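Shared between the two complexes below is subunit A, which pairs with subunit B and subunit C, respectively.
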Partner chain A sequence: MSIASDTRPTRKGFRFDRWAPLLLLGGAFSIYVAVAIATGQTQYLTFDNLIAILGRSIALGITAIGQTFVILVASIDLSVASLISATAVLASVVMDGSPAMILPAVLAAIALGGIVGLANGLVIIGLKVNPLIATLGMSLIIQGCLSAFVSNFAGEVPSAFQVFAYGEVGPFPFALLFLAALAVLAWGVLRFTKFGSDMYAVGGNEEAARFAGIKTGRIVILSHIICSVCASIAGLYLASRLRSGAPWIGSDGVYDLESIAVVVIGGTILAGGRGGIWGTMAGMLIFSLIDSVFNIAGVDSYAKQVLRGVIIVAAVAFYAINSKRIVA
Partner chain B sequence: MTAPMIAMNGITKSFPGVRALSDVSFDVRAGEVQALVGENGAGKSTLIKILSGVYHADAGEVHMNGEAVHFAHPVESLRAGIAVIYQEFSLLPERSVAQNLFLGREPRTRLGLIDTSRMRAEAREVLSLFAAAGHIDPDSLVGSLNVATQQVVEIAKAVSTGARVVVMDEPTAALNETECEELFATVDTLRNRGVAIIYITHRMREIARLADRVTVLKDGEVAASFDTLPSPDAIVRAMVGRDIEDFFAPKAKPDEIGDPVLTVRGAGNDVLRDIDLDIRAGEIVALAGIQGAGRVALAMALFGEAPFATGDVTLAGEAVSFRSARAAIAGGIGLLPGDRKSEGLVLMQSVRDNGMLTSRAFAPLWTSDQRNDNADTTRMDALLDQMEIRAASYEQDIRALSGGNQQKAIVARWLSMRPKLLIFIEPTRGIDVNSKAGIYHLMRDLAREGAGILMISSDLPEVIGVADRVLVMQSGRIVAEFPHDASEQDIMHAATAETEVAA
Partner chain C sequence: MTDTGSPRSSALRRRLSQINPVWVLLVLLIAAIIFMNPRFVEPTGYMNFLKRAAPLAILAAGQVYVIVSGGFDLSVGSLITLVVVGSSMLTNNDPAATYWVIPLMLTMGLGVGAINGLIVCFLRVPSLIATLGMMITLNGLAFLWSGGAPRGYLPDTFRFFGRELIRDVPLVRFIPVSVLVLIVVVGVFAWAMHRTNLGRHIHAIGDNPVAARLAGVPVNRVRITAFMISGLSGAIAGILLGGFAGVSTDVGAGYELQAITAAVLGGAQLLGGKGSVPAAFGGALALTAIFTLLNFLGLPQPVRQVVQGLILIAAVALAMHRRKQTGT
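And now, the complex of A and B:
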C-alpha cells in the first residue's frame, strides 16, 4: 500500500492526462501569436502561413504516427530515420525520372518497409532482443548498406510523383490532406478494431493480454510493420519533395528521436498501453509551432536546438508533475 | 451428493531439490467453497498452478466433470472454464471496465469492428449480477477504481468468460474490513450461481464466514480434509502440526512503558487534520481505520515522505520537522512498508545487501567496512543471525526467501540504525501463521528494548492481539482511542460511524 492508493480519490470526470497535449498545443499557439504580434510580423498569422507551417512537418507526422503504434505496445523503433533514407533512395533510383516506374517504386518502398518492420518484430519477439538494441542494430545495418551503394543524391523523381509533396487540393497541400487521412485511419484502427484494443492490452500488461488469449507476439510484430511502413511513406514523401533521394535525409531530419519526442509530448507513455494518435498529432503541431516561433524571433540555430531540448524535457515534466504518475 | 467439478487425484510434483507436492488429492463441487489453507511453502500455489496448466504434475490426474484433462497452458484451462484470480490483478488500469471485461473476446459488428454499445450493455449485465458492482460504470477506467472494486471487476470478468471454477488466491490481502464484506457477498453470489470456488486464505475468520469444506496442506501433503466446517483450532493444529501457544506476544506491563518517544500536537496537511498523538517507549500503538482513512498518510507524514504542513512534532524530547525520509531516518524513525516487494526490498540483491540498504545510505561514499559502523557487514550478519532468518546464506537473493524471512531482514535493516520509533505498515500481510507469531514477538522485543512502535494494520484480530493501545482514524483525523482489550465491533463502529465534522 502506498500513500497514493490510500488517499487517492475516485476520479471520474476530468482527466488531466487526456487533455494535456491540447493544453500544451494551446500554449504553443498562444506563444506563436504573441511573438508574431510582438515582433510586428503579422504576416505570419495568415491562413496560408499556418498551412505552410504544417506542411513543414508532414514527414515527421507520418513517421510519428507509425512510432505511436510501436510505443503503444511498449516497444520503440530507432530504425525509422535510416529506413526513410533507404526508401527515398530506393524510390528515386527505381523511378529514375520515368513516370511509368512510379507504381513499382512505391510498391518497392512499401515492401522494404514491411520487410524491415517484420525483421524488427521477429528479432524483438523471436530472439527476445530489447527493442532499443534491435532497432538500433537495424538502423546501423540499413545505413551501412545504403552508404556502401550511394553517397549523394541518386536517381530522379518524375514530376508526376512530385504531386505528392507539391500538389494542392483547393487551399490545402495534398500531402497535408494525406497526413490527416492517415491520422484518421490510424485513430480508427486504434479505437474501433480488435487489433487496436489488443495493442493497448499488450502494452498495458503483456501477461494479462496473453492470459486473455491474445497472440501478443503477433500484435507487436504487426505494430512494427505498421511503423516501418509509415517510415517508408515518409521516405517517399521526402523523395517527392527533394525531387530525388539521398542517404542522409533521414538522419539529417533526426526522424528517429524526433518522432519519439513527438509521441511522448503527445501523451503516449513509453511504458506502453496509454496514449493515442491525436496526442501525437498535437505533439507534431507543437513541434512545428515552436520551430516557427524560433524563425520569427530569429533565434540562432544552435540556441534553437538547446531550446528544443529544454522544451521536450519540460513538457514531459509538466505531465509527470500534474498526473503524479510515471510518464516517460 | 453431486459429482466433483474438479477432482485432483494423487498429484505429485518435484522441483530440483524439493518435493513440492506428494500424493495430494483434492476436489471441489459446483456451488461450494472449498477453502485451501496452509502455510507459505505448503504447496497451495503449486497445486493451483498445476490445475491451471502453468506447471505439469509428475504424477496424478486432474478430472473435470469426470473427464481427465491435461492443460498445457493457462489459456487452455481458462477456455475450459477455470479462472484463477491472482493477488496481482490482470486488469489494465488505463482501459475501461467494459474493455477489461471483454479483453481478447470483444463483441464485433458485421464490419468486424468492435461493437462498443453491445460491449457496454453486456458489461452492465454482468456487473449487475454482483451487489457490490451494480454502481460501476462500464466506461470508467479501471485505474480509477479502488482495489476492492477492481477485484469485483476481475471476478465479473471470470464469470463473463463462463468460468465454472474460480480460484481466489488470498483475495482479501489488500482489502480493509468493509471491502472484505463486499468480497464475501460476491463470493456468495458466485456460489449461488453454481460456481465451484477454491478459496486460498490464511485467515480463520474468512474460513468461518465462507467455507463449506476445508483442506489443509502441510509440507506438500494433505494434512487434514474436513467435509464440514471445523473449529479454527483444528485447522491451526493441522497447519502447524501442533497448537500455537502464545500466538500473540504478551501485552506491555505498566512498568515497561516509559516516557513519550513521539509527541504530535495539532498537526495536519492536505490529507490529515488535527492530529494529536503520543507514543511512549515500550509501547505498541495500532492505527485502525478503513482504506483512505489517512493511516498511511499519517505514517508518511511522520516519516517525512509527505510531511505535515502545520503542527508540532517532538521526537525523544526534541522538536523536529522532517522534510524527507532521509531526515526522518537520521532523526531515529524507521518504517517497514506494507508492500514489501515494491517498497521494501531490492529483490535481485542478497539478503545481506537488503539488510545493509539503509545503513549504507548513511555511510560515507568511500569507506571500508573496517572503518565505518554503517558499512560493517559482520555487524549486519550478527543482526540477521539474531532475527533467525532462514536462508541458505546471506549471499542468497532475497526474493527466494519466504515473506516472513524477508520481513525479518527489513527489521534487521532498521535495527542497525537503532531507531527510537518504528512504524510497521501491514507487518504480516502475506506471511504464514508461524512466521506471523515470530513477527509479533519480535515487535514486542523491540518495544521492550525501548523503542516506540506504531503499527498500521487492516487485520482487526491482529490489531487487538498486538497493540497496547488502538487509535482509530477516519477522514484524516484520529476519532477514537481504545485500550488493548477493545472489541472488534467497537473498533469497526468507530472506523465507519458518521462523525460530526467540526467546522
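And now, the complex of A and C:
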C-alpha cells in the first residue's frame, strides 16, 4: 500500500542489510591491522591483545544485548546507565567483603533489574507513555535515589566474586565466555522461541501483531525486563571489575547512549522488527576496535571524541543510505 | 462518556478541556512559589525568574520544530557549550570582537542544524542517532578548541544579552535584555509555526510523511529547516548563557533533555504531528518553576532529579489519558 514503506527487493541472493554489520566489522578490523602495521606496533596483532580488546567492552556488550531486545520491539531504554550504577552499588554494599553474601547480592541485583524493567514496561504499556520519556524519567528517578544515599565508592566486593571479571578459563577471560554464552542464549531465544518471533512481529507492526492474537503488551514488558536484567548483570560485572560500586560508573561509561549506538551500528533498526544479536555483537567489536585504533595511533583524546561521533553517524549511514523509507 | 449536563455546560467543559494543562500546572506552580516567597510578585522576583528561564524556553521553542517534524535534536546542549567556549576563544577579551562573533555563532547554529538535517534526509540516519553523533562531536570540538581548559572571560559587550537590564521601564521598573530576546524569539518562532506555510508543512511531515510528500510538501527541505531553527535556538541560548554563567566545558550539559522535557510538558507529541510553541514556552517556564520551588524547599539535587523524573512521566501519562478520552 504505502509507497514509501521500504520496498524490499524481491529477488533472493545478496541482501545488503544482512551483511552490512559484517562488512563494517571487516572494515574496522582491516583498519586496525593497517594502523598497527603502519605504525610498526605489530605487538598489537597478537591473539592475547585481541582478547584484551574484547575484554574492555564486556559491560557494553552485555548491556547492548539487552538493549537489542527492547529496540527490536520498537521501544528504547535510556535507564540502563543509572541502573548499572544502582546494581553495582547495591551488590557491593550487600556483599561488603563477605563471600557468603555473594548469592544474595547477585539475586538482589537481578531482582532490582527485574523490578525496574517491569516498571518501565508497565509505564510504557499501561500509561501509554512514550518509551523514550518513560525510561528517561526512570533514569532520573534511579539516579536521584542512588545519589541521595551514596556519594562515593560503597561496599566491597570479596575476591571470590572478582573471578567474574578477572577469572580465566584457558586462554579466555571468564567474562568473555559469559558474554558469548549470553549472546548464544539471546540468539536462541530470538531465533527458536515463540517469544522471539512474537517480538519481531510486535516490532514490525504492533497493530497487525495484536490482530494476529499476540499479547503485544506482554511482549513489550517482557523485553523491558530482559533489558533491565542484562543491565543489572553488567552492573555486577563492573562491581566485580572495579572491586566496589560507585554511583557514577554507569553514567561515566555513557552506557545508555553507547548501547543504543552499538545496537544500531549492528543493523537493528530503531523502528523495530529487524535486526539481531549477532549484529549487536559485531557493533560491540567495531566500537572496541575503533577505540584500539585510536589508542595505537595515539589520537588526542578530544579528537578521539570528535571522530567517534562522526564514525557513529557514518556507520549507521553506511547501511541506512539505501533504504527507501522516510526517517525522522 | 455520558452527557447529562445542559448544552451550555458541555460547551463549557469542551472549552475547559481545550486549555492546555501546562498552563494550569504553571499557574499552580507560580501560586506555590508566591506562597513560599511573597516577594516573587515584585519585578525583581519574576524578572529574574524569566531571565533564568530564557535559555531553556528558547531552546524548547526551537526543539518543538524538530519534535513536530517527527525527530529529536539531542545536539543543542553541546552546541551551547561550543558557542560559549568558541565565543570566549574568538573574542579573546576584545570587546570589539563581539560584533562579528555573535553573527558568526548564529551562523554556526544554523550550520549545525543544516548538517543534522542533511544527515537525516540524505544519509537516512534516524535523527536520534544523527544528533547523538553530533552531540558527541560538538562536545569533542569544544574540548579540542579550548584545549580542555577554556579561558574564563567573555567581554562585557558579549555578556550584554545575558546580563544587562534595561532600567526605568514603566510598570515593571526594569527588563533584562534576555527577557526581550526571549519574547522576540518565542514570538517569531510561534508565528512561523502557527501562522505560516512552513508551520503547516512541518506539522504535515510529522503527522504522515508519505501523505505530505504526495501532497507536494518538499519533505527534505522542510525537515532541514526544522533542524536549522533548532540549531539557531541553540546558538541564541548559548549566547544568553554565556552572559549569565562563566565559561566552562559543561555549560550546555543536560539542556537537550530539559528542552525535550519542556516541549513534552507543553503537549508536543513525540514522533511528530502535534505541538505548539507557546505551550513549549509554558512547559519551559513550568520546568524552571519546579526547579525554583524545589530550591525554595531546600531539597538537595538528588531529590530534584527524582521529582523531575516523576513529573516527566506523569505529564506524558496525563496527556495520553486525555487524548484517549477526547478521542484525538
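To be clear about the criterion, the second predicted complex is superposed on the first by the 312 of 328 C-alpha atoms of A that agree within 3 Å, B and C clash if a C-alpha of one lies under 4 Å from a C-alpha of the other, contacts with A are read in each partner's own complex, and residues count from 1 in each chain.
Criterion: a residue touches a chain if its C-beta (ideal position, glycine included) is under 8 Å from a C-beta of that chain, and two chains touch if they have at least 3 such contacts.
Keep in mind that this is a model prediction, so the values were computed, not measured.
**Student:** Is A:194 in contact with subunit B, with subunit C, with both, or with neither (first, second, both, neither)?
**Tutor:** In the superposed model, A:194 contacts subunit B only, not subunit C.
**Student:** Touch test for A:43: subunit B only (first), subunit C only (second), both, or neither?
**Tutor:** After superposition on chain A, A:43 lies in contact with neither partner.
**Student:** In the superposed arrangement, does A:302 touch subunit B (first), subunit C (second), both or neither?
**Tutor:** Once the two structures are laid over each other on A, A:302 reaches subunit C alone.
**Student:** Quick one: classify A:211 as touching subunit B (first), subunit C (second), both or neither.
**Tutor:** In the superposition, A:211 contacts subunit B only.
**Student:** Tell me which partner A:270 touches in the superposition: subunit B (first), subunit C (second), both or neither.
**Tutor:** Only subunit C; A:270 stays clear of subunit B.
**Student:** Given the superposition on chain A, which partner contacts more residues in subunit A: subunit B or subunit C?
**Tutor:** Of subunit B and subunit C, C contacts more residues of subunit A.
**Student:** Can you list the residues of subunit A that touch subunit B in one structure and subunit C in the other?
**Tutor:** Shared contact residues on subunit A: 2-3, 5.
**Student:** Going by the contact rule at the top, pick out the subunit C residues touching subunit A in the complex.
**Tutor:** Touch list, subunit C to subunit A: 69-72, 119-120, 122-130, 132-141, 143-144, 148, 205-206, 209-210, 213, 219, 223, 257, 261, 264, 270-272, 300-310, 312-313, 316-317, 320-321, 324.
**Student:** Subunit B touches which residues of subunit A in the complex?
**Tutor:** Going by the criterion above, the answer is residues 1-3, 5-7, 10-12, 15, 192-194, 197-198, 200-201, 204-205, 207-214, 273-274.
**Student:** If you look only at subunit B, which of its residues touch subunit A in the complex?
**Tutor:** 74-75, 78-79, 90-95, 99, 103-106, 108, 112-114, 116, 137, 140-141, 144-147, 174, 271, 291-292, 294-297, 300, 305-306, 337-339, 342-343, 425-426
**Student:** Would you mind writing out the residues of subunit A in touch with subunit C in their complex?
**Tutor:** Subunit A residues touching subunit C: 2-5, 123, 127-130, 132-134, 136-141, 143-148, 257, 260-261, 264, 269-271, 300, 302-310, 312-313, 316-317, 320-323, 325-328.
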